[in-house]
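First chain A sits with chain B, and in the next complex the same chain sits with chain C.
So, the complex of A and B:
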């Protein structure tokens, strides 16, 4: 029951670019992100605001769909899902 | 206003692109009669302005408030070593009018702010986002909504870039996608990253001006140069967006 996680831009300084998370299938996006944040120091500050919501400029996608348009943090993941996390990039 | 006629110089200069499906003499006349606002003459602004100029977009309004710094030169290809210390719009203007002497380039040397953004973009057909911060991008977004003209968004970080085409009434606006500005930072970047993203932005602008092909409307294209992958994110309007859901 694993889920594949892909991260982009500066998040790659904090954790591997791509990894399989066992046991994440059947659980929520929230549970997955909590596990990742517990494992990788600094990640929580990059993804969550002070109130525990996903920062408004961070895009978290389940199989290419923004979880903000699904059930947000309560979106349930299934075995084999791909979760992609895109932090903002502002440069020009 | 009818599109301007082409002359012999134009027909020769643009011969290769006028052969492209959807271009032709009519398309080239549209480009000749078009105005693009290029917000920023840096990493993204350099390829954007260069390729819009070479394509024959008749009028470019270029804006920047900075002077050329030595650390800009790894990516800002309109500026050269002997331009360090000069105003970026002056440096960019001098190159662009030599790259294509048949177009008009209007430099604005200053800060794009809430007081001038609507006037600066008035009469433009497309806004090219080549800024390095979201505060100014939000102003450009408001101008795009106010004038009902498309804005081609681009941003970069390291070997990564993002690009999409925002069309009022047909796509989300910038504030729908990024409701809050990320913190400012001195970002890492390789020059090829704005090269890739800026040329995609210029391609999108030319397609929008000509009305050909399919643009990046409702799609955010992510370029991952580190692993050489492109990803596409579907984007949608935010029904409660404070920028585009209220009457401008």
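So, the complex of A and C:
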């Protein structure tokens, strides 16, 4: 079992648009993002600020819910979850 | 005052009379220009206006002090009128270069009344104006009209705002198109233009737009460009256009599909800004003085046009169950040529599809059929067959068959591409919008989804009334100032105050910026109250109040009207019926427009 990660916009220049991450179930969003950042150069600068928090306009969703309104980086993932990561985007 | 050309042109088409008047300083200070000026003129004329498509209606084209001022993104103009779609006061905003050129031609605003005996177009040049015969233009598409007028005036730099066949045929979804690809889209402003036999307005000229403090404007340019670059949002808009929203809205499970029957579209990425960038994008395009370039110059079969934007992509795509970007592109291009609003048109087709699905109409129109979508756009623009009934929008169409509940509209104007069941604040914005269902009168998606200027939980009510009011007021000021709403992804009230002060020379602070917007908002509200709108109209379709979303984060949620609305009215200083109270009207200098009976 694993967690599915989907990325969008400019993040697709850094890593595959979709991938399965084995062993992420039961771990935190923080642990998942750390693994991804270790694997894909440049990703950390896109997602985190200098203090290690998710940047203001970056949005990380777990099954359609922004983790900012769950336990943020400490949100625990389960097998089968879908994590969507967005760099700053806007429109309308 | 600097930043203005100090000329408002009044055109009485019935009497073939043109009169130029100065722009009173008091109006500039209280309403700035653009939407604010137009709403004030509309309010003053309201008692003499009957049906919106009657010659008694007035139609105002108005720029703001920041239009063409050199402040980045200062490109906008507004079209203001009594809407034939909603029956409310409305303003529709557009970019491109037309607004800038109107000022270079010597005019801040044009106020049109009456009806010409035969088709005409209005030509503005170097501070003068004339009406010209447009009989030969009637029936032409917007690109044909634009090219013909540029040739007629002998100026390849002329800018044209015009209607297409949809406006001529009085479709209540008809828009005003300028610079070929830019639309003052919502509310049926194109139908009002058509009802007056006015095919177009063209502008030529190179008069100087004076600013009070050129050095300060230059410094602001630099500072604002830096701000836009810093937050990363400008880059996403530049690289992927507004349709970069398709995926984030979809992943939040708030992308309306199949006429709001669902809120998640599995094939969303096929029609996303990312896919557009990889397939048909030729180059990013910008309006006058834009530093973002969110427009999409697109190339299909060797023909270069622009778009589609996000809302258009959604309307002809997921809302109609269509995952074919080329079909969306064709529908978009056809709308531009025929001069019909893409949001209203797509949402009306989605409504017809659901009517068909449920057997309420005999026509077989299936969700997912991109070719049918394109053909229906054509039929609506020319009022052919079922398109004739659909050309007046989803509400009138669905109501005719006894099922107005399937119109996903607020005050008869179709809601755009966000499901309010998962966005309590944005739902409040839809419900209370003084021009009907719309996303650009206070874009609460920004804090509730995008995290700008900060992240607000989209599912909770708390503080949403205050935020919605602030966004609505600030947006009204932005529209009145003549600057693009996308400036607000980097600018706050103090930045607008700085810009207005530098351009006009009249000191404005951040509190005044919000107060001007609040005045405009309340005046629009007072107009609507006078026209008979009540609290009952500040609502969303039954579906969003009673049918919970089925999946994803917002699963099980509906839009919670009563607590949000009550808090919003309190926040605004209105009574429980939604009428501005005496203290608020006095604070804003609007006592003369008090509703009857006077709310205390």
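We take it that the second predicted complex is superposed on the first by the 88 of 92 C-alpha atoms of A that agree within 3 Å, B and C clash if a C-alpha of one lies under 4 Å from a C-alpha of the other, contacts with A are read in each partner's own complex, and residues count from 1 in each chain.
By our rule, a contact is a pair of C-beta atoms (placed from the backbone, for glycine too) under 8 Å apart; a residue touches a chain by one contact, two chains touch by 3 or more.
None of the values given here were measured: they were computed from a predicted structure.
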Touched partner set for A:84, first chain B, second chain C, both or neither: both
Contacts of A:10 with chain B and chain C, given as first, second, both or neither: both
Partner chain in contact with A:63 - chain B first, chain C second, else both or neither: second
First (chain B), second (chain C), both or neither touched by A:92: both
Doubly contacted residues of chain A, that is, touched by chain B and again by chain C: 8-10, 12, 55-57, 59, 61, 64-66, 69, 84, 86-92
Touch list for chain B against partner chain A, complex: 40, 42-45, 129-134, 154-158, 160-162, 178-182, 184-185, 187, 189, 194, 222, 224, 226-227, 231-236
Chain C-facing residues of chain A, complex: 6, 8-10, 12, 55-59, 61, 63-66, 68-69, 84, 86-92
Chain C - residues contacting chain A, complex: 231-233, 235-237, 239-245, 247-248, 251-253, 264, 272-274, 294, 309-311, 439-440, 443, 445-446, 449-452, 454-455, 457-459, 485-486, 489, 551-554
Residue ranges of chain A touching chain B (in the complex, touch as defined): 8-10, 12, 17, 55-57, 59, 61, 64-66, 69, 84, 86-92
